[in-house]
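Before anything else, here's the structure in question.
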Amino acid sequence: MTMEQSEKLNKIQVAALDEILGKKFPVLDDGFVRVVDYMGSDESIVQAARVSYGAGTKKVNEDRALIRYLLRNRHTTPFEMCEIKLHVRVPMDTWRQWIRHRTANVNEYSTRYSLAIDSSQKTKIDEWRMQSKDNKQGSEGFFPEEIGAKLSEREDELQNFAREIYQERLNLGVAREQARKDLPLSTYTEAYWKIDLHNLLNFLSLRMDHHAQFEIRSYANVIGNEIVARWTPIAWQAFKDYRINSIELSSLDIEVLKLVIKNEKENAITKAAELGMIKIIDGKILLNREGAEFENKISKLGINAPWN
Amino acid sequence: MTMEQSEKLNKIQVAALDEILGKKFPVLDDGFVRVVDYMGSDESIVQAARVSYGAGTKKVNEDRALIRYLLRNRHTTPFEMCEIKLHVRVPMDTWRQWIRHRTANVNEYSTRYSLAIDSSQKTKIDEWRMQSKDNKQGSEGFFPEEIGAKLSEREDELQNFAREIYQERLNLGVAREQARKDLPLSTYTEAYWKIDLHNLLNFLSLRMDHHAQFEIRSYANVIGNEIVARWTPIAWQAFKDYRINSIELSSLDIEVLKLVIKNEKENAITKAAELGMIKIIDGKILLNREGAEFENKISKLGINAPWN
Amino acid sequence: MTMEQSEKLNKIQVAALDEILGKKFPVLDDGFVRVVDYMGSDESIVQAARVSYGAGTKKVNEDRALIRYLLRNRHTTPFEMCEIKLHVRVPMDTWRQWIRHRTANVNEYSTRYSLAIDSSQKTKIDEWRMQSKDNKQGSEGFFPEEIGAKLSEREDELQNFAREIYQERLNLGVAREQARKDLPLSTYTEAYWKIDLHNLLNFLSLRMDHHAQFEIRSYANVIGNEIVARWTPIAWQAFKDYRINSIELSSLDIEVLKLVIKNEKENAITKAAELGMIKIIDGKILLNREGAEFENKISKLGINAPWN
Amino acid sequence: MTMEQSEKLNKIQVAALDEILGKKFPVLDDGFVRVVDYMGSDESIVQAARVSYGAGTKKVNEDRALIRYLLRNRHTTPFEMCEIKLHVRVPMDTWRQWIRHRTANVNEYSTRYSLAIDSSQKTKIDEWRMQSKDNKQGSEGFFPEEIGAKLSEREDELQNFAREIYQERLNLGVAREQARKDLPLSTYTEAYWKIDLHNLLNFLSLRMDHHAQFEIRSYANVIGNEIVARWTPIAWQAFKDYRINSIELSSLDIEVLKLVIKNEKENAITKAAELGMIKIIDGKILLNREGAEFENKISKLGINAPWN
């Protein structure tokens, strides 16, 4: 009559995840991610979702279909029934972005209480990135190695000097909480980070995105591909199919695309101009950001923009 | 050098909790609470707290002292590292209070999708409570059984009639989401409720309190005494010592109590009046709420109020 | 050099919202929504977003384009800078759904302290809905009025009886907190509900959806169309263009749609079957839920499903 | 009949806060806090609390008493009805602690998009603090100025060098998001920070505490004493009386204190030893942390520890 039949009475274990419990997945030059503990699995998502369906629906044993349906339709609460606890080592600069995700439990290594971790993220000579021209907050392309070498050398000097000053202060007896004040943002920190699967997928959809900074993206990719993929493989596949690799067409996109599909090129261009996706100046078409996004989306459907 | 040494690499299991996994603890006439899954233990609290202490402090192997220190000083984040998932069956009226605790994950039984659970909370003839005179939102004392019998009989009539109407609607083909609209608040619902230990202790400190309504208090007592006590026994004892059985003296209480302790009765009374704890009218002392609270607190220290 | 120039030093007021401050927008037979207070406006969203752009970008004075960009790309934090406080009157049954949105501040009318509001939601004779066949949790179509009349009459009997019992208990001196236990879910409650714009838009996108139950949808529509539309008109339009009226194509949808666009009907059908959107049994095509969703989405692009 | 009468229909303004809107309160050498916007006042707290009391209690016009009652008894939701938005400039090192308070809305200055703020927190020659001996995570006392001068000089060298490297990278065209990676933690950042009064008071109770690090404590003191004191003066006074200046006696404290008050010194000492507050070794009494806390608490009641 009620939901009780639909559940398991023993702790759910996921063998594929148990195998890598405690294993360090390296990230960047000296960072890592590892799973410390977890609760739940694909099965728990189903279990929670079935609460809404009652006993009568146990015959629906298509767990995979159910999980995919939930994810597709943003029924998010069943995914909250899974929880994972990671141990991460991250440069403070990256941690500054990471910590902005508020729906997580955190215990960070304290440099008030303990000595700062003696490691700063180092940039290899072929890893120096150029400022993107188009994207004010992005990077694009790498410096040639001879410039990179110079940059890495100077980085080294600065990191060494910063560590020297830190040590000097400690030797003199300066309080740790004050001595640390000029450590570089590249200094590694560590934390336990515990989060439910729904919020973790949100984190991943933002941080695996190509707009995310390379450093945090590297962590997100490891968490997604190495950890979530093992933990809740069905949810992970659904997430890729319905979130990561989906396209969202706005009502503006739809209006223009309809005309493109009907092969009304001119009308499509006029409509796009009217909706502010493009500008027509002296007969030339200039794409603004939204127009470029549109072009990019429809190219995934194998369609050319009407102005190409 | 870092925090890695301080942790376990296998999933923490708590034998005492494993023993009762899935067991239904009955509450009220037809409700229950049971543990479906959990993550962490007293050990995880310590593990998380040690992050802030680094490797150098592993010699501090007094876990109990550390947990008690954390709880006493409201260092709350290590308690968030423990998570528990309960399956509960609760009257909707009680659930209305329960759900106000926002920091939890919830999947509730859906009466849009399924038939409402065929059970309403029934009040036994000796369980009818009288309105408190002092406390506008409380109850006080029980009705004699002959009145209780009448009340229970009428309750039965109403619950039966409500169920009859619900059934009538369903028989006619009214949508479940609408048919349920006049079910009594006493109708049972069920849910998975997942929460971390820190927020669970907050829930318990509010809902085990004698000001909490009897019904939700009954659930809180079971969760605390039967479940948390087995899960994290050290944290539970600390919670009782430092939260449940503590007294908070306000700066006003302190001012008056200092005079009482110095045996300056008259000054204490004058001060209490000045601070608005009491009123003196025609030489008679009238306690207001804060004065009564003060009297109650110091009685736990074996001290009489100066006006007694 | 920093962000300070980009802000206003006086409280932002929105004239269009000030005009309706305190005005009750009626919902259902005896419910309402009204704005009690608010903070921020479209301007505050821009102000917060500009923090990320620094002083150099003040020339970018296209506020509208910026807000639309933020909403389109799920840069959600600037929308959190706007906050609104509503006073709502809602049947408890609807409130049970409403309160599941956790990121809000709530003060609800207490029936422990005060008498329950003497009003229950009544269903007019032409408002009784039939259970949907396709959608286990939905309704579909209305009963003819002669059946509706009977249902409304019985509803009345039940609501009156429930109120009679409530009154009986109070007259006898039963504690309010217990007397209320069998009130019907249709009983109205009231609350202050305070939420930021980002979370309000999430609420609206879920509750204005046609899958949401009629009752809560009615509230969501009023909040959206009457209140948010006046408060932050640019964000509201963007929300409609990029969230409410958008289509999300999954990677599966994309694969099939590409073939449809290339006019490879047979291949499209084979692909759809392969991906589990449809089943082909004895040469007949059966749509499952995902196939039907696909058909519905592409119809908005003016495209027929390959199997039609 | 309902709660509507108890509210105001126009936006609540607080004159004392309006006066300082936008005013920068300086903190540290180059930081500040200022109010950008707010919503609510002491009056809104009362308004929200009265929801629970209904119309019948309007005669209770003692707003001050009500606010004090709410705060004393941890009825926290009415305080959530007030919201404030600050603009703060803070060293990143301090911001790392600040941001751990999760229940706030944040828009931080982006050094991906813009140049890092050209200012690092500098320590004056008389501001260098020594590591505390007792408290592993605290500081205690200052260095003499001749040592301080040396430390400040070296700080300057490091900060200048870090800025030089940052500039070098930018000149070469390194992406801003990467160029910033070795900036010192002392670099200033700015943010809008929006939070409700309940959560702000939690922040203040933790960060105004003498255990909080000097830097963040400086901000907390300004926010409390300059801003909250003007905004919600009654709630602020209550907060000081019932939270900041209160003492919490644990059940252990109570047991020992009862004996002290009865003047049973020996029994009190025995009890304290039994409860683990003190150790008696060779007849000598050694205080552990809990014993020291006890001693400190009762000294505020004008009582000496039994072992003194």
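All chains are identified by letter, namely A, B, C and D, in their written order; residue positions are counted from 1 within each chain.
FYI, a residue touches a chain if its C-beta (ideal position, glycine included) is under 8 Å from a C-beta of that chain, and two chains touch if they have at least 3 such contacts.
This one's a predicted model, so the numbers in the text were calculated from it and none came from an experiment.
Participant: Please flag the chain sitting at the greatest distance from chain A, going by CA centroids.
Facilitator: B
Participant: Just how far, in Å, is the C-alpha centre of chain C from the one of chain A?
Facilitator: Each chain reduced to its C-alpha mean, chain A and chain C end up 27 Å apart.
Participant: Taking each chain's centre as the mean position of its Cα atoms, how many Å separate chain C from chain D?
Facilitator: Once rounded, the distance between the two centres reads 37 Å.
Participant: Taking each chain's centre as its mean C-alpha position, how far apart are chain B and chain C in Å?
Facilitator: 32
Participant: What residues in chain A touch two or more of the other chains?
Facilitator: Expected reply: 52-53, 106, 108, 110, 112-113, 136-137.
Participant: Between the chains shown, work out who touches whom and classify the graph as line, ring, star, complete or other.
Facilitator: complete
Participant: Spell out the part of chain B that touches chain D in their complex, as residue ranges.
Facilitator: Where chain B meets chain D, its residues are 52-53, 65, 68-69, 72, 74, 136-137, 206, 240-242, 245-254, 257-258, 261-262, 276, 289-290, 293, 300-303.
Participant: Show me the residue ranges of chain C that touch chain D in the complex, using the header's touch definition.
Facilitator: 1-4, 7, 9-13, 18, 21-22, 36-40, 44, 47-49, 51-57, 77-78, 80-81, 83, 85, 87, 89, 105-110, 112-115, 117-118, 190-192, 194, 196
Participant: Under the stated contact criterion, what part of chain B meets chain C in this complex?
Facilitator: 91-93, 96, 99-100, 102-103, 106, 108, 110, 112-113, 120-121, 123, 128-132, 136-140, 143, 147, 151, 154-155, 157-159, 161-162, 165, 168-169, 172-178, 180-187, 213
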